[in-house]
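Common to both upcoming complexes is chain A, partnered first by chain B, then by chain C.
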Partner chain A sequence: MTLKTLNLNAFKPVWLLGLIPPVLFLLWWDHEAAKGGANALAFVSLAQVSQALADMLASGELGLSYGSSLGRALSGLLIGGGIGTLVGIAMGLSKPVEWAASPIYNSFRQVPILGWLPLIGLWFGSGDLSKLIIVALSAFYPTVLYTFEGLKQVEARLLDVGQIYRLNGWQTFWRIQWPAALPSIFTGLFQALAFTWISTIGVELLFSSGAGLGALMQQAQLQARLDIVLVCILFVGLTGFAINFLIKRLSQHVLSWRSIRA
Partner chain B sequence: MKPDHLNLPPRLRGGRTAKRWEGQTLPASAPSVADKPRHLPRKQGRRISWKPILSIGSPLLLLIVWQAVTAFKLFPPEVLVSPTAVIAAFGEVITTGELQRHLSESLTRLAGGFTIGASLGLLFGLALALSKTVERLFGPTFQALRQVPVLAFIPMLILLLGIDEVFKIVIIAKAAFFPVALAAYDSVKGVPKSYFEVSSLYRAPWWVLISKILIPATVPNILAGVRLSLTRAWLVLVAAELIVADSGLGQMMEMGRQMFRLDIVMVGVIVAGVIGFALDRLFQLLQAHALRWKTA
Partner chain C sequence: MDYVPHSQIPGHKSRQTGAVSLKGIKKQFNFKDRELKVLSEFSLDVQPGEFVSIVGPSGCGKSTLLRLIAGLDDTYDGTITLDGQRVAGTSLERGLVFQDHRLFPWMTLEDNIGLALTNRNIPKDAKAKLVADHIALVGLKGFEKAFPHQLSGGMAQRAAIARSLVNEPKVLLLDEPFGALDALTRVHLQTELQRIWLAQGSTMIMITHDVEEALYLGDRVVVMQANPGRITHTVDVNLPHPRDRASPVLHKLKDEILAELTHVPEPSNPVVRLIKGDDQ
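Now for the complex of A and B:
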């Protein structure tokens, strides 16, 4: 599957085995679809799905929905992650802030993220603002947690060195605490990225007005267009895959300098 | 081992480090550069302890501000209801039995779906890790399906299964399946090869391999996966009930939203949070109980 296994010397087609179950499943699916009758609604043929894909691509519907979902996820990540990092820094640097904020943070965090949606919907309507708030919230939680944890775990001896050099508060933060906390902060951001994608799909399914992959799926479900739903799932899944891949690569790259003790 | 801080000249033992190590007696041999320490350690006991004050005070302050804002009618009641109104609504849904009915429906669903999903996930994860054939056959499909957020399957499952109980059980089971399967797979794969070598050296039959080696080596990680899957299952359950909205806690909230009953929505939010927290805590206790041999 990876390029390494495609090395000519060691070419063994064992990875092809992994294609057997999905291919068999698709063949069975297509067969059921071809039979029609009672199952006609439940099973759409592969031809129909690829037709739907082609139609949606041609009409620009897919691009539009995909773009707006991705935009929502990224702006949520930016807003929620930005605020979350700031709150995490405040909590990590100041004990009083930590004491005051952590009970509130921990109790709010218990509510399943989509459970906020009815409340936010009452306050801000079922438009883009409500969706953005929920998506930003889903990025906010992990960034706060990991920024805070990262700052808490700065080694005491590094801080002592800072004291010996008589660094002031800002210098201590910028030269010692911030770099030491960065790996943890990145971990939080990566988690936030995965969460924002999931919650984007969730909020779009629930408030299915407006553009977005989730909304497109929900509308297709109401019209019993399984082919469109499947195309959407494919794109949601591919994006999830791309995000996970990106996270893996980025963390290898970004976190490679981290101290050997970690 | 002597902490590094104690070797610092006392002048430098101010601030954070002094606080951390106060109460410990300094070794008499501690080198002292300055003749007189400029910062004597502050005496303990006289300081007001801010921690409990702040950590109880801040939520309290939030409640008071909330109550005050509603008392002065800064917002119309359909935008913000007072905490007392939320408590009243809480009493209302309890006396009418509405909350109990919705909650028991949700929890029954959760129990069913979670049990099915987690046990299938465990079996699948183990099979995937233990058999090369299974791994080659189903590994790629598993890894690919894992990338798709569970919520994205909701419209498809509604079309295939309808909006009945089956759909909700399946979606919860699916949410619970993947974290457990992944944890089981990863932790069995993480068992050192030497353990297997020892077991084959002793010609241990497969059930001994499983009961004496694999289970103790993998249970901690698998339980962590199960805990994650419980949290996920609760999240997906609330989402599914919000979308389908025919029964359960999610439906109560969605109906509250559509009828502009902010108080009921807030009760729902709080109950969802409390249940999520309680489930996680319960499982944590269970986990600690199951793993008590680790520290012993």
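Now for the complex of A and C:
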């Protein structure tokens, strides 16, 4: 039995520290809400918010909106991220493609995602298709950029090895370039995830027809239902947190070959 | 001590193939408006199974020379042949060990070595056996599943040597293979390389900064000078393998080569000589 088996760190409740700010904030919030009067509209009590949460869960409204937003974000990520990765690979592997695609990519990238709304709205209306296009675009930009950068940065010294062992183009890509670019591709995926979730809520707020957390918030705002808005915000935040956590775990798993010391 | 040709050393698996011939090699790099001559009229004949060391100062074109023989660079004048066949592009017949191990960090040790066999047209189990045999040859049994970041520098370089030998190349090119290692590991791997060469028998051409290393391993030591890179002279090391590092012949030759490389005349004062000999 060595000390090594007693990993004290594992028992240290470090994560509990992260709970202190939100709890303090909620206490302050409830205190303000209890004062009533002029603050009544801005601060609803936590009891009211919990009640709204229970009602929304019971009526299925929350589940429907949440599922709709999550589905939109994931399909946008798959479509935009998938196409983005392919475009990034094409640009990273072929100089002519890079020269042809870089100028248009770099100028379009300067337009904020929500800046496309008027145009997309005119072309495709304010329905699900338009929302999906916006969400997919938000995943597309970072995946193109980081896939391209990742492939560009593959060191010549590693490619020399592939040449020595006479790997063909496909073998070189699959055995050397792709794994070497993976850390960068994951960085892009991280960003894409954050952007798709943010743009999902954003586009739902602006095109507030149909189901979705953003649309629900928009309607609640019109009805001055601050409790519903708060429940939505809570779910948006927690989901973003969960997505980041999952991707971090996934990248740690896939990139486990990287030295911890590096 | 009489010179024993390496082909007659007991245990040395001598081969009939692996003759490398370089004739009138000229190589230059072009910078904007001027050209830099890296190699000028470089000619060298290496016998099958011979171990040739090439020493020279930084920038004398040694590494460039190996890249040309390996086929990583085809832009030069002159001819390079292996067993009479002109060299074009890379080939599994010509292995190369770099100064840095260049193992792929995302592959285990056995996958890294197996990668060298990707395009060998032999059955899977034959490949697995070759990989296992070569891991054993370099003394890394038990580390098959290790990732490069889990290996020490010396172990990683052994793995790189195994990878370059797994195709049983006719000639193995070594570009300062131990230059990045600490002094003790270096001495140890030099001994190992000698053992591997005796067991394996391919022609070896090794580039190094280290005159002692060049003499300890080489049947012949080629001394180069820079600007432009050329051979200034060749030293035959008439000592049988495996060698004794303490051999006075090696020390004498080392002093001569060092004197030539540093342009310092040989010390005529016997006391100086003694001191110089002491710290080796």
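Here are some notes:
By definition in this document, the second predicted complex is superposed on the first by the 218 of 262 C-alpha atoms of A that agree within 3 Å, B and C clash if a C-alpha of one lies under 4 Å from a C-alpha of the other, contacts with A are read in each partner's own complex, and residues count from 1 in each chain.
Here is the rule we use: a residue touches a chain if its C-beta (ideal position, glycine included) is under 8 Å from a C-beta of that chain, and two chains touch if they have at least 3 such contacts.
Owing to the predicted nature of the structure, the values given are computational and were not obtained by experimental measurement.
Once the two complexes are overlaid on the shared chain, A:Pro179 sits against chain C while remaining clear of chain B. Residue contacts after overlaying the shared chain place A:Ile133 against neither chain B nor chain C.
Considering which of chain B and chain C touches more of chain A, the answer is B. Of the two partner chains, chain B is the only one that A:Leu122 touches; chain C does not reach it.
Using the contact criterion defined above for the overlaid structures, shared-chain residue A:Val231 touches neither chain B nor chain C, since it reaches no partner. Look at A:Arg157: by the touch rule set out above, it reaches both chain B and chain C. Of the two partner chains placed by superposition, only chain B is touched by A:Leu206; chain C is not. Once the two complexes are laid over each other on the shared chain, residue contacts for A:Ala52 go to neither chain B nor chain C. In the superposition on chain A, A:Gln171 makes contact with chain C only, while chain B stays out of contact range. Once the two complexes are laid over each other on the shared chain, residue contacts for A:Trp15 go to chain B alone; chain C is not touched. Residues 157, 160, 163-164 of chain A lie at the contact with chain B in one complex and at the contact with chain C in the other.
Within the complex formed with chain A, the chain B residues making contact are 4-5, 8, 12, 14-17, 20, 50-51, 54-59, 62, 78-79, 133, 136-141, 144-145, 147-149, 151-156, 158-160, 234-235, 238-239, 242-243, 250, 253-254, 256-257, 260, 262, 265-266, 268-270, 272-274, 276-277, 280.
In the complex of the two chains, the chain C residues touching chain A come out as 70, 72, 90-92, 95-96, 98, 100, 102, 104-107, 115-116, 118-119, 147, 149, 164, 167. Only residues 1, 14-15, 17-22, 41-42, 95-96, 99-104, 107-108, 110-119, 121-123, 156-157, 159-160, 163-164, 197-198, 201-202, 205-206, 214, 217-218, 220-221, 224, 226, 229-230, 232-233, 236-238, 240-241, 244 of chain A touch chain B when the two sit together in their complex. Those residues of chain A that touch chain C in the complex are listed here as 157-158, 160-161, 163-168, 171, 175-176, 179-180, 182, 257-262.
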